[in-house]
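Take a look at the structures below.
There are two complexes below, and they share chain A, which is joined by chain B in the first and by chain C in the second.
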Partner chain A sequence: MTANPSIQDTSSRRTSFLGKGMEVRRGLLAWALIIPITLVHLVVVVGPGISGLYYALTDWSGIGKAEFIGLGNFVELFTEDLNFRAAFRHNLFWMAFFLTVPMIMALSAASLLAQIRRGAMVIRSMFYLPYVLPSIVSAFTWSMLLNPSLGIGAALDKIGIKGLDHPWLGDFRTALASIAFADNWHWWGFLSILFLTAMQSIPVDLYDAAKMDGANRWQQFRNVTLPGIRPTILFMLLMTAIWSFLSFDYVWILTQGGPSGASELVSSHLYKQAFLRFEAGYAAAIGLTVSLMAGCIVGGFTILRRRGWEI
Partner chain B sequence: MRHWLTRTRFCGVLLCLLALVLAGCAPVPATQVESGEAAMEPVEITVWLSQTAQSDCIVAESVDTFNAKQDEVVVNVERKATTDSLRPALAAGAGPDVVQLGGPVFAAELALAGQLLPMNAYADEFGWAELFHDWAFNIGVVEGELFSLPQELETLVLFYNKTVFEEKGWQPPSNLEEMISLAGVIQQDGLIPFAGQSSQCNVCNEWYVGEFMNQVAGPELVYQALIGEVPFDHPDFVRAIEIHNDMMQKGYYMGSLERFQAANFEEFTTAFATGEAVMNMEGTWFYGREGDYFGEGTTHGNDWDWVPNPSLDGTPIFSIGLGGTQSISKSSANPREAAMYLSHYFSPEVQGRLVSVCNYGTAPVRGVDEFMEGVDPRMQAIYSAMNDAFEAGGYGYTLWTFFPPKTDLYLYEELEKVWSGQMTAQEYLTRANEIFQEELAAGEVPPTPSR
Partner chain C sequence: MIHRLFGQRENLAPNYIILGLLCAFAVIPILILGFNSLKSNLELGENSIGFPRQFQWSNYPDAWEQGGFAVTMTNSVIFVVGTVTGVVVLGGMAAYALARLNPRGSNLYMIYMLSLSTIPFWLYAVPLFILWKNLSLLNTRFGLIIIYIALNSPFAIFLLRSFLVKFPPDFEDAARVDGATEMQVLTKVVMPIMWPGLLTVALVVALGVWGEFQIALIFMQEDEKMPLTTSYFNFMRRFSRDWSLTAAGAIMMILPVLIIFMGLQRRFVEGLTQGGLK
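Coming up: the complex of A and B.
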């Protein structure tokens, strides 16, 4: 109840006016704060992105003038470049590998870790440690470990376990899988910690209820844990699919795409075109193609989300 | 209650952001020379140099001696990974005054793109045409103008483990037949004929392509191919690649193809030094690291020696290679001072010190022999034999110096597909020839010293 309606009316209008002014100011402040990073983004991401679209249609060498050649680079890419096709096939293998092997390892490890109380932090740190190591360190370590005369195979051979002193990185039949193995070593621990964090947000009541219903460990995992962390799993599947097209460091450090192109990925193929063959325009066309592929993956996930998937 | 975001604070934040943006856009301060404040101050020029085992020594012998001997110019060295950072820097009108590149192919690419300064006037002023051997000086000429000066003269020879050879009573081979025959004997003896690797440096495959082309098909044919008179799928080139492939399949390199492709520099040099592998077809840059693997300071104490890479008929052929070039940036504000530094760098005194003190390769300049005191006699012998061969026309052509980039990349990358049986030597060279003809037509083949 108010003694003087006119005072209340004035006060209310004033508050409303002040509120709007404050909102405007907050909005302006937000814009003022975001403008610098937006400008930087425009300069270092949007600008090169647009110029990349243009250069993909030219014969640019990376320096000097670029001559417009229309879709010439794409025609060459899809009709003549056998190495690109091979690299693309390797990328599909790479994606399939990273969508399955580290996911299974990480889920298994996370579900086991979730049950450990004593020393859990130490084990988690051990799992996570490879992820924080620079890839140059991990890759060189693995190049030594996989070396047939200095590595694990040679050591096992000395104690009578034969057949593992194979030049894994030098054999074109095993090179790509060996690099994926080394890359996975640094990756799956990170995934397991991510999944573990997601698992810890699942209410304990759900497990209690499942136990009361007589669910065993596997049934709890399948019917409580997996649905509980489904958004995290699907998000990581999406990101893994995109990142698999960007992989470069382990391949470059360990084999540079060899032997005989057996471990060439699209990214290492792109690098060679741009910096060794001086065909930056062609490399831009490869980059654009890869971006479109990543766009298709994201588009696929978006469609699934609109259809009600919890992604 | 007064809201924390007052008008004054809001304006303050906006002003700070504006100041930051304006600070980023502000022009760099005028140099001392521009402002005329200190005309007597020395002019500063910049050199970019990658960090390597020898780079500190190179700086001490070239840059530091230049800075010490005069007070007009100061050379500042910036440690940069030159290969990847130079191109964008130069394209942006920045980068160093003195531009070090991987070889004349890279220099020609940048010269055609207008990133390098023509140096003819400085060549006349400082007498560079007389300083360099003729063939070497002309390598830097693009469309009639001089854009680069060659540094680090290289060639490939056959190094061998002298200690093991003496123990076994083997003689180093003098022609191709002897080398292949000896490789069989060595393998029968339980040793590996050749050390090598490709995992850490598959670009190193170009050593073998070039050497077998020059030693088997002959440098005359390579020359004719480079000027477009014969194709690169000529039967003699096919034969050269087949001979090398046969050696690879027999496990002459590192014991097996797979081990060769898995090995790195450390492993193959160790195998060579310890005598597990007894020959090494490598370039003169081996001198930069041999001291760490051979000699009295090692547990095995093994020694090395060399012979020319065995050619088909035994004639010594030394392939010309250049480990890099030096140019002046088009955007350099002080090109004459950069040329002064280059004159110092390429002087026979400095080049001699780079070899004798830094174990670095000399540039192909005249008069270095006088300053080779202290250089390992074996290296002196290589340089001496190489110069004799150059004078007599017994020189070949390395891929990284005389082949255009796309052909070069194709030859060393796709060679592994011949080894793995994915293509024949004929198919490999037919495609190489197609790529080369395209580059030849586009004018992208570096100048080839005539015979």
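Coming up: the complex of A and C.
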């Protein structure tokens, strides 16, 4: 090799030359492969997203010319639209519900499930099952089960357990909570599997050490399990907070916001404005407001994290 | 020794009791749905949640007929196949390029994708509706499939890219040394490696599209082109007093899902736990 440096020299120059040509060609090929899906995105999400920012500042029925009215929609939204205010309050309840109830159910289920071996796979699949059903099917099932004359309440009434045959979805005091309950039925099991997967990556040694120190099961949960899956919990709390503003299916299928607006969420209010009343500009303003709220949650989360909060 | 001294066997009975109750909570509603789909309306009136005393199988053909399931199930299959094909092909191409060809700006592109997938649907729902109307894509199968492809592909690209990154590119390099073109490398070498990842993506996307409600509600308003979900919504409201019929319809809708779920449980659980984070 050392005897003939010139040959080595040319060959290396040749590869680098070839390499450069290859690199350019591969770069072109790469973008040729990336562009199609990017175009689809631009047309469906980015373009309409940007034009949504403009339409939010207009009075527009969706047909013809949009009339620019500045912040008029937002003024109306925050000062006059009582339905929006109620819907927003309902969304806060919705968020509080989903930040607590499914979280507690999923954490308890996952930590109990992580300790057992026999039957764990079967239990896992059962927890998972409701999540794979279409929302329309779970919503229909619960509209049946919550029916006052033919549901679970009526059946319990027959065997002497009184008081549960309540029109859960028809009463304005219980409608929203009942819908949240039905939505949670399909959600908590999935969440518990997410937590279980995270728990399984905690080293067993930590539990052994805790047991040696005489920690009981609650102490093990608090001091080993919770810190071990904290990133997953925090991520899911953040995502839940964002998703809670987008929730639509269960409300629309079960009550469409009724009775008399008692279960109206921001999303169902937006849907009515846009597709039943044809207030496209106003609906775009609601959409922008919702997005900004979701953005604020992400922003707040990031700022707290930057400030050194351990989240 | 130490174990014998300190590690007294933990009592797991409370675990099984609580887990059993939670299982009942998860599964019993589905069982009741199945029971009710086999009762006559008369029986439903007095036995609304129990096991059927008499099986009325005719609820199924009746629901199939009256709910127009032949049409809507075909529609749903078209939406699922169209979306899965689009996501797997277009998303797979992009994922391969990002994982292997390392073009300039690929990191920036991933960040763009990530932020894109967090844009709330309601921000662009209205303008997208207007755009689709102007492009005459409203109430067309193609228009709905395009939307589904756009919304499902960020997750597919993330999953497939991270799937590919785990494999060293040695096989592809070997093929190139043997004179294979980039296209041949892609089809002959990369595809077989990517196969399990593609299957997971296909499964998650198919499940999502099969049960999708809100986008179909907005973008597909003609009865004969509706998917199962939104047409079932109308069916359920039309026959709101006839639960045996509507329950049978619901069971027909979830049967394919349940069969696939039983068969491919592992992949389902893996794929959805990753997909749930999209």
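Worth a mention:
Here is the rule we go by: the second predicted complex is superposed on the first by the 275 of 311 C-alpha atoms of A that agree within 3 Å, B and C clash if a C-alpha of one lies under 4 Å from a C-alpha of the other, contacts with A are read in each partner's own complex, and residues count from 1 in each chain.
One rule holds for everything that comes next: a residue touches a chain if its C-beta (ideal position, glycine included) is under 8 Å from a C-beta of that chain, and two chains touch if they have at least 3 such contacts.
Model, not experiment: these values are computed from the prediction.
Upon superposition of the two complexes on chain A, a steric clash is found between chain B and chain C.
In the overlay built on the shared chain, the residue A:L246 is in contact with chain C alone; chain B does not reach it. Applying the stated contact rule after C-alpha superposition, one finds that A:I116 touches chain C and leaves chain B untouched.
Once chain A of one complex is fitted onto chain A of the other, the partner contacts of A:F68 are absent, as it touches neither chain B nor chain C. Of the two partner chains placed by superposition, A:F78 touches none, neither chain B nor chain C.
Looking at the shared chain after the overlay, A:R26 reaches both chain B and chain C. Of the two partner chains placed by the overlay, chain B and chain C both lie in contact with A:F275. Comparing chain B with chain C, more residues of chain A are touched by C.
Applying the stated contact rule after C-alpha superposition, one finds that A:P36 touches each of chain B and chain C.
In the superposition on chain A, A:L150 makes contact with both chain B and chain C.
Steric collision with chain B, judged by C-alpha atoms after aligning on chain A, is confined to one stretch of chain C among 80-88, 152-160, 170-178 or 188-196, namely 170-178. Touched by chain B in one complex and by chain C in the other are residues 25-26, 29, 33, 36, 62, 147, 150, 275 of chain A. On the chain C side of its complex with chain A, the touching residues are 2, 6-7, 10, 12, 15-16, 18-19, 22-23, 25-27, 29-30, 32-33, 36, 44-45, 48-50, 86, 90-91, 93-94, 96-98, 101-104, 106, 109, 116, 118-131, 133, 146-147, 149-151, 153-154, 157, 182, 207, 210-214, 217-218, 228-230, 232-233, 236, 243, 246-247, 250, 253-254, 257-258, 261, 265, 268-269, 272-273, 276-277. Against chain C, in their complex, chain A makes its touches with residues 25-27, 29-31, 33-34, 36-38, 40-41, 43-49, 51-52, 55, 62, 105, 108-109, 112-113, 115-116, 119, 123-138, 140-142, 144-145, 147, 150-152, 154-155, 185, 189-190, 193-194, 197, 211-212, 214, 217, 235, 239, 242, 245-246, 248-249, 252-253, 267, 270-271, 274-275, 280, 283-284, 286-288, 290-291, 294, 298. Within the complex formed with chain B, the residues of chain A that make contact are 22, 25-26, 28-29, 32-33, 35-36, 39, 61-65, 143, 146-150, 166-172, 254-262, 272, 275-279. Those residues of chain B lying in contact with chain A across their complex are 3, 5, 10, 13-14, 17, 20-21, 83-84, 87, 90-91, 109-110, 112-115, 198-199, 201-202, 256-264, 267, 405-406, 409, 413-414, 416-417, 419-420, 422.
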